[in-house]
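Next come the structures, one after another.
Same chain, two partners: subunit A is paired with subunit B first, then with subunit C.
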Partner chain A sequence: MNKKRFGSRLVAAPYYVWAAIFIIVPLFMMIYYTFTDVNGVFTLANIMQLGRFKKAFGLSILYALISTIITFIIAYPLAYFMTKIKISSQRLILLLVVFPMWMNFLIRTYSWITILANTGIINTFLGKLGLGPLQLINTPGAVILGMVYDFLPYMVLPIYTVLSKIDKSMLEAADDLGCNSLQKLRRVIFPLSLPGVASGITMVFVPSVSTFYITQKLGGNKTMFVGDAIEYLFNLGPDFYNVASAISLVLMVLILLCMAVMNRFSEGDEEGVII
Partner chain B sequence: MKIFSKIYIALILLFLYAPIAVMVLFSFNSSGSVWVFENFSLDWYKELLFNTSMLNALKHTIIIAVLSAIISTVVGTAASVGILALRKKVTKSLVMSATNIPLMNADIVTGISLMLLFVFFGKLLGLHESLGFITVLVAHITFNLPYVILSVMPKLKQTDSSLSEAALDLGCTPLQAFFKAVLPSISSGIFSGFIMAFTLSLDDFVISYFTCGHYQTLPIVIYNMTKKTVTPDAYALSTIIFVVIFVLLILYNTVQNKSSVKEAAKI
Partner chain C sequence: MLKNNIVELKNISVSFDSEKVLDNLSLEIQDKEFITLLGPSGCGKTTTLRIIAGFVEPDQGDVLFEGKKINGIPAYKRQVNTIFQRYALFPHLNVYENIAFGLRIKKLKENEISLKVKEMLELVNLTGLEKRRVDTLSGGQQQRVAIARAIANHPKVLLLDEPLAALDLKLRKDMQTELKKIQQKLGITFIFVTHDQEEALAISDKVVVMDSGKIQQVGTPQDIYNEPKNAFVADFIGESNILDGIMLDDYLAEFSGAKFKCLDKGFEKNESVDIVVRPEDVDIVEPEKGMLQGVVTSIKFLGVHYEIIVDIGGFKWMIQTTDGQNVGDKVGLFIEPDAIHVMKKSEYSGKYGDYSSYSEEIEHLSDIIEEDEN
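So, the complex of A and B:
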């Protein structure tokens, strides 16, 4: 028995080695690069430079917060309504909601330019109605729209999973105790769905706060977000890796903090939320 | 209420699919514009056949996706077996937290941190070019592994441990017991892990962007195209990928359905 256990534990050895080298060591690499200069000498200069990116961090957080909230407002009713229809149609709609996630997000984002541009579909349509072209592209609204669009499935999925698992007898109990449907939603369904909401929020916030493509394409490169800053520095070449590393490290800490807060809402196991 | 909820669902689906419809539509445009639709044509699909940089990138993408999916499925399945056999709870949760890091972290952070690792060791080894085929492959395996583990592990937990014990009692070696008794009951988890790894790898842009060097995959080429003006060939290519992934996803879902039907039948 002991021998067997040892044997089955041993098969995970390649993974442990892999995880140590390619998951754990890179995090230390980031710390190493953050606190050294190009020649590998200890320095705090990279950390000092972070002040220059204060605005980028602020903007990224602000935009990510706004788009996370909007995503939540759109996704929650959707997930809720989905649980109310026939099981077979639920599966189909779930598939349809998730499917765009597997599409190249660069192209999905880029297609919005075709829709929003000054000569794009919406403005052509407005022009035919005799209305002047609206400035839709390269605005903050377009960036938020892109984020909401790209990450909406990440919010719908966990909320739907949690909602569809709610024990029907709980709802019947609420009915029996005299709740009307609004009270039932507020007192029973919503509290029970909080773990799903929490993981939805992290799953939308994290990619939103770190994106660089959406901001460049739909925001017109007018302002620099955190993701843009990292990408920009990376492209400047090895001399700028240290600063890029410092920004990434701060971004990671920020994300970890956000996740620690969210985890307090979603205790318990949630193995099934990832499709 | 019923009607309202149906309208709501329909509107969201419209929102989700509008850009995709636009993409498909303009991939059939006869002119090079992605603004004005002129006539229906298949020119851009024909054009793709002669676009060597794109075809090369497609080859790279498929090589990376196949290799990384196979390797991460094998390593990840073995890892799931080993992690479940761990006796100490602390070690187990430690391993699982490490496994979750690539899942939780922003792609850009994962990409940058791996890139720093590769560059650092590339410099140590005196390599002229530290980023390339091997580094993208390693990066893809790394972000695929957690997904494989998370889809195999629940299935493994569900399997009756007496199954492999019975096999051992009947004279199987541990390896035989695994392949004959355990593997068939977790095969749907392994398969969905593989499909997930494959599609994730196919679609990854951010992590590849920082780790690929000159070994450009398709999303990188698409990114470079969208930097300048996009012609409908990028749309044509994406339409093709859209169809391929759609088929894969249908396949994945039928397998999942079948296995859940089987499980229901067992009970």
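So, the complex of A and C:
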């Protein structure tokens, strides 16, 4: 018994070490910087001055919300459609959905620049048709597009996983009790897929709200998002670590709150969705 | 009596992946009867049920409901409801909402729904559990919710797909009685699928014995047990000694090297037949008084009676008797004319032999495997 416990501890040890070095320690460093000034003296000043970043927080949350909603609108029908076709086709579409994730995130974002730029693919094509160049890059639309494109797989996968696990007899029971296709979707399939929807939303919203790369490259640095603010401050040097940490901490608390709300949605369904 | 068929299947054939599941099956089901489709797994009984429910479309043949063809009508438009093998309750809804599900689809008013659900909960003895989540209920309670959910919609026909298979033996017996009661109270047709022959005999008005996609026999439980049509039915329902025999003349059969008076007639002279003798219909007597003589090779005490195996000329008979015997005893067998049942030869003749390899454990094991397959 004792031996076994020792054995399982030994197996788990690397994970504890990993968690300690890369999660716990940075977390405490962040908290430390948030509540101290440049000289390491306790202060709330960093938190107090976050009002200056109100707009960045607001924009980030707004953009993340919009892109999460759009991602959901694209992903749910896709995942639903996937469960309706034969297994080999499901695998193919799944592969296509995951495929972009094999490429570097930065390269994917860069490729959008070449598509959307004023001298990019779309505008060159439009020019040939005699249509004026459209301002595509450096617009809010481009930022949303980037977020949706980059994070779509994180929405599709959990929803698809949950949908494909729904017991077929549930659907037959719904048929049996008089549901047409729409009623079946609304009253049985959608409620049963909520855990997948919740984890999809979390997995898209969290990176969207904190991204800085997409906003910089596709948004043209015209507006500052939370991610940009953090990056900017850190780049200014150690003197600004404290404020940057404060922003990060507040952002993290906001995200945790959002996840808590999402978890309430999927509450009761013990099957967690992990990808 | 005027025939009042609520469901009729005409020449139904179904194949899955070129494997024939139902082979030209025809069946009439009368209104308000409790009919059971009985057979081993893979015999097509569940497929038959699913055709009536609308989950499977037959490749050939017609499905009639109250005399009207309903081929192609989707499941949700049919006036039947199903109780699924694993209940298929909605885990995101509580007991009340599960039962109310069909009523909400029908857009009933809230107070009507509430009355109906209350009535259903009383019927299945679950009053007070309205707010419970279905996954916190025991198997028996889930079963009751499934029944309530199905019959709340007032179906004309209730389809039950091995609904008791997941319950333990005692609960299963209780539920059998209860289902029968509910069926009589509601006065609707129950079509029940099971592979458990005891269950089928206990609750049905009519039993349909199926094997390899075909109906082997339709009849009352008594008919099926006392007058099996072929060796398959005789073997599947209860215990039987099935012997090769010759019908010498009307009322005279020959088997095991002796001649016996019987009550069967209408066979050709000297026609080869299968003879069924039920283990409980054989009397053990002194060897010299017996019509057949043999040696006891094994004895099992089962409480109510002993189950003994007697070797007669190499054929092992199973006999149920209340008198104890010893292994090695020479005994005589006495068989009354009404204990002998004569059947025409069929494709099943010779497939079901004697009890030489009989073992309760093996039968038990195969039962468990069968349930797992489902």
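The rule is simple: the second predicted complex is superposed on the first by the 253 of 275 C-alpha atoms of A that agree within 3 Å, B and C clash if a C-alpha of one lies under 4 Å from a C-alpha of the other, contacts with A are read in each partner's own complex, and residues count from 1 in each chain.
The criterion applied here is as follows: a residue touches a chain if its C-beta (ideal position, glycine included) is under 8 Å from a C-beta of that chain, and two chains touch if they have at least 3 such contacts.
Keep in mind the model is a prediction, meaning the values are calculated, not measured.
In the superposition on chain A, A:192 makes contact with subunit C only, not with subunit B.
Contact with subunit C, but none with subunit B, is seen for A:170 once the two complexes are overlaid on the shared chain. Of the two partner chains, subunit C is the only one touched by A:183; subunit B is not. In the superposed model, A:142 makes contact with neither subunit B nor subunit C. In the superposition on chain A, contact of A:79 is made with neither subunit B nor subunit C. In the superposition on chain A, the chain among subunit B and subunit C reaching more residues of subunit A is B.
By the document's definition of touching, neither partner reaches A:258: not subunit B, not subunit C. Of the two partner chains placed around the shared chain by superposition, neither subunit B nor subunit C is touched by A:64. In the superposition on chain A, A:230 makes contact with subunit B only, while subunit C stays out of contact range. After overlaying the two complexes on the shared chain, residue contacts for A:218 are found with neither subunit B nor subunit C.
Taken in their complex, subunit B has these residues touching subunit A: 2, 5-6, 8-9, 12-13, 15-20, 22-23, 26, 34-36, 75-76, 78-83, 85-87, 95, 98-99, 101-110, 112-117, 119-120, 138-139, 141-142, 145, 147, 149-150, 153-154, 168, 174, 196, 199, 203, 205, 209-210, 218-219, 222-223, 226, 230, 234-235, 238, 241-242, 245-246, 249, 253.
Residues 53-55, 74-77, 80-82, 84-86, 88-93, 101-102, 104-106, 133, 149-150, 153 of subunit C touch subunit A in their complex.
Interface residues of subunit A, counted against subunit B in their complex, comprise 4-5, 7-16, 18-19, 22-27, 29-30, 32-33, 74, 77-78, 81-82, 84-85, 91, 93, 95-97, 99-100, 102-115, 117, 119-121, 124, 149, 152-153, 202, 206-207, 209-210, 212-213, 217, 227, 230-231, 234, 238, 241, 244-245, 248, 251-252, 255-256, 259, 271-272, 274-275. Residues of subunit A touching subunit C in their complex: 167, 169-170, 172-180, 183, 187-188, 191-192, 194, 268-269.
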